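Could you have a look at this structure, given as structure tokens, before my questions?
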Amino acid sequence: MPDDILSVEGLCAWFGEHQALKSIDLNVASHSVTALIGPSGCGKSTFVRCLNRLHEEVPGASASGKVLLQGKNIYDANVDPVLIRRKVGMVFQKPNPFPALSVFDNVVAGLKLAGIRRKSVLKEVAEKSLRQAALWEEVKDKLDKAGTSLSGGQQQRLCIARALAVEPPILLMDEPTSALDPISTAKIEELVVQLKKDITIIMVTHNMQQAARISDRTAFFLLGELIEFGDTSSLFTVPKEKKTEQYITGKFG
Amino acid sequence: MSSLRGQIRDFTHLRYKRRKLLSLFISFLLSLSALAAASCLISVFGYVIWKGLPHVNLDFLLSLPKPVGETGGGMFNAFLGTLLMVFLGSVVGIPWGILTGVYLSEYGRGKFAFLVRFSADMLASVPSIVVGLFIYVLIVKPMRGFSALAGAASLALIMIPIIARNTEELLKLVPNHLREAGLALGIPRWKVILRIVLRGSLGGITTGVMLAIARVAGETAPLLFTALNNRFLNLNPTQPMASLPVQIYTYAIAPFDEWNQQAWAGAFVLVIFVFVLNLGTRWLVKPTALGTRD
Amino acid sequence: MKSSPLPMNNQNTSVFEKIILRKDVRFADRVFFWITRLIALLLVGLLVSMGLFLLNASSLAIRSSGIVSFVSTSVWDPVKEVYGALPVVYGTLVSSVLSLIIAFPLSIGIALFVNELAPAAIGRIVGFLVEMLAAIPSVIYGLWGVFVLVPFLREYLQPWLISKLGFFPLFEGPAYGVGLFSAGLILSLMIIPTISSISREVFAAIPRGQREAALALGATRWEMMKLSVLESSKAGMFGAMMLGLGRALGETMAVTMVIGNRAQIVASLFAPAQTMSSVIANEYAEATSDLHLSSLALVGLILFVVTFVTSSLARLLVWRVTRSQRKLK
């Protein structure tokens, strides 16, 4: 498909001897939200961490296969993972703002790394990203407070703003709401739907209702294999695979 | 928006090479610092073997020092002195250290325990020469003379905090349900502590004790004016006694080649002793020892 | 102690427990508790009495000159019975600071290398070697210093530095070999294990997520170390540095053997000097006059207080840092 921003072919991943992903094929359309569901330990987190080559930073971990980002394989030998991570942003399960940096410095950390130092540009981007992350109104008066002084939900949105500031075409979210309260969760879900018009989102969740609420397509992982992948509405109503049906009806996991 | 993205891209391409080079360069520096430290160790170790080993022979190991000018002679009195004083120090230091560790781990909550913990850490960081001074005032002066006992006391004083803190750390690793299991069987607490908690971490505690022994076996400063030195074989703990580190020191700063050679030979013996204790514990009681170190 | 150390010793024990826990058992428990507590108390007593005994031993020197003039008088001459501690304080400070300047960056480098850069196997080897560096007795460093380091410095490094930087008072000749510079170098080798192992502890307490956050933003390896590791461990690294300083201030044998043992204040780093610990090591056993002994004890007392303050500050700092980081994790 021409408008697939990302396509994965035969992706395998290992932790030492243990194979965590078994030959995954999956395409992601531009400006969509893809949800990855499955019981814990099924490889869904490992999968997203392969998409920005963060998986290999774990000691002993390795991966093989193809991940085509805008047509270019990010696992080619001459590709620098640092540049890939600039294009594929990531938000983690636990909010992880840099504790030594202020709210403002957290948001522009990526820009500063890229060498953009002009105050006016930084300010503009910081405000825009914080607005995108629906956090601006709450923090505009405490931009120079420590990033870790915010509440858990605010910290997570700060991390989203930090990832958005470098304008990545793809944003990976690894269970971004599992550590948050329901209100913060709702805010972030709303945000994800909003962001779809600008970027492509791939989101791991263990909450099936969440997947059903916000995603266009859903992938179901089990024991390192991709069991089923399709439109969210059909996957949840008429699953093709028996295992998918068992999982979404709560038979296991 | 597209302008910003363009800007980022320009900057990124412009600067990325430099950032990458900087990262590589610093990684190189970090590797270099590791290499520097490693090569210093190898240099010290290498010289001790190169200069010391050729002079280690039976005569050196089993005979007493000879006066200046006469060839031959050895450090038998110093070996024996070190062994004896380390033994005497351990007799006091090991139980004291372990029981303090037991107190800290099993009953150690609240302000008093904090005070004990803090004191142990402070005692561990008191310069060993100051420990020597303290023992001089405490023991040598009232006894009106340098003695092996005073030397052993200062070694014990250095051992106690090391063993105490190590024991505490190890006992804290013993899961609570083991204690509760013992208590639920109606075993009194003191027996639970001795039979279950202490026995369970015996390997680790032994390691800590051996490391403490290795540490004090090489101590020189606290012996200089407690045990002093002795050119003769002495087994009476109320008299001055030779020790290997002090003998190495004396021979190293003396202007005689013969003595300097013996200092290297003594250094070889001391280094082997210390390293065998260090490495031995590491490989003998691996599970607990490594579990707590890393 | 608020929570009772003896849980079975409360009012509402069950019948079952009452049968099992006869009075003598409870008594034995209490005895055991008090034995360990008493022994722990003795340890505190040791520390306190160390301070008091040293104070008592140095009372003569304190009375005869007063502490302020003692540390500000720049002549130390046992023959004339003049005891001013300024030269030895100076020697201690300069050699320790010099050793920190060398050892601190190296130790941080080693800690970063082992924890953040090297593959696990190599990291383990380097970590092990550095730990071995800590196991070598001080007198062995001294021996190595006297016969390897000092000749090397005297023949090669110092003449070269003097020829290049000799216009600068710190690097004035002549090249003695023994002196502050050699002492600083040897000290740095001895405190590297302390600083690097504490720094490694501090770095290891930083959650993985911090590092991944930086990497996911497109940071290079060095930028990741700077942003996630160094930025958030400033307090911990400072604590590690203070602990290293504490060790350097009190280190005796190796310094005594390479510093040249001359109580003087000279600008050049290559000149012989004397430190607080080395003057005690050199003179205490042979001192005969009461004032001499007392003055040396006063030097010891000052050393005790200074290392106490440095180490306690450092300890508290490292404790606080690693504990708060663990909570974040």
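Lettered A, B and C in written order, each chain numbered from 1.
In this text, a contact is a pair of C-beta atoms (placed from the backbone, for glycine too) under 8 Å apart; a residue touches a chain by one contact, two chains touch by 3 or more.
These numbers were taken from a predicted model, which means no experiment stands behind them.
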item	value
Steps in the shortest chain-to-chain touch route ending at subunit C and beginning at subunit B	1
Chain nearest the overall Cα centroid	C
Remotest chain, subunit B as reference, centres from CA atoms	A
Separation of subunit B from subunit C, taking each centre as the mean of its C-alpha atoms, in whole Å	14
Whole-Å separation of chain centres (CA-atom averages), subunit A against subunit B	50
Residues within subunit B bordering two or more other chains	19-20
Per-residue overlap in subunit C, given as positions that touch at least 2 other chains	220, 223
Multi-partner residues of subunit A (each touching 2 or more other chains)	82-83, 86, 113-114, 166
Residues of subunit C that touch subunit A when the two form their complex	120, 207, 209-220, 223, 227-228, 231-232, 234, 328
Touching residues on subunit B, where the partner in the complex is subunit A	1, 4-5, 7-8, 11-12, 14-16, 19-20
Parts of subunit C lying in touch with subunit B, wherever the complex brings them together	1-3, 5-8, 17, 20-21, 25-26, 28-29, 31-33, 35-37, 39-44, 46-47, 49-50, 53-54, 56-57, 105-107, 109-110, 112-114, 117-118, 126, 129-130, 132-133, 135-144, 146-148, 189, 192, 196, 220-223, 225, 243, 246-247, 249-253, 257, 277, 280-281, 284-285, 296-297, 300, 303-304, 307-308, 311-312, 315
Complex contacts: residues of subunit B adjacent to subunit C	19-20, 22-23, 26-27, 29-34, 36-38, 40-41, 43-45, 47-48, 51, 96, 99-100, 102-104, 106-107, 109-110, 112-113, 115-116, 118-123, 125-131, 133-134, 136-138, 157, 160-161, 164, 183, 186, 188-190, 193, 214-215, 217-221, 224-225, 228, 245, 248-249, 252-253, 260, 263-264, 267, 270-271, 274-275, 278
Touching residues on subunit A, where the partner in the complex is subunit C	52, 54, 57, 59-60, 82-83, 85-86, 89-90, 92, 94, 96-101, 109-110, 113-114, 148, 159, 162-163, 166
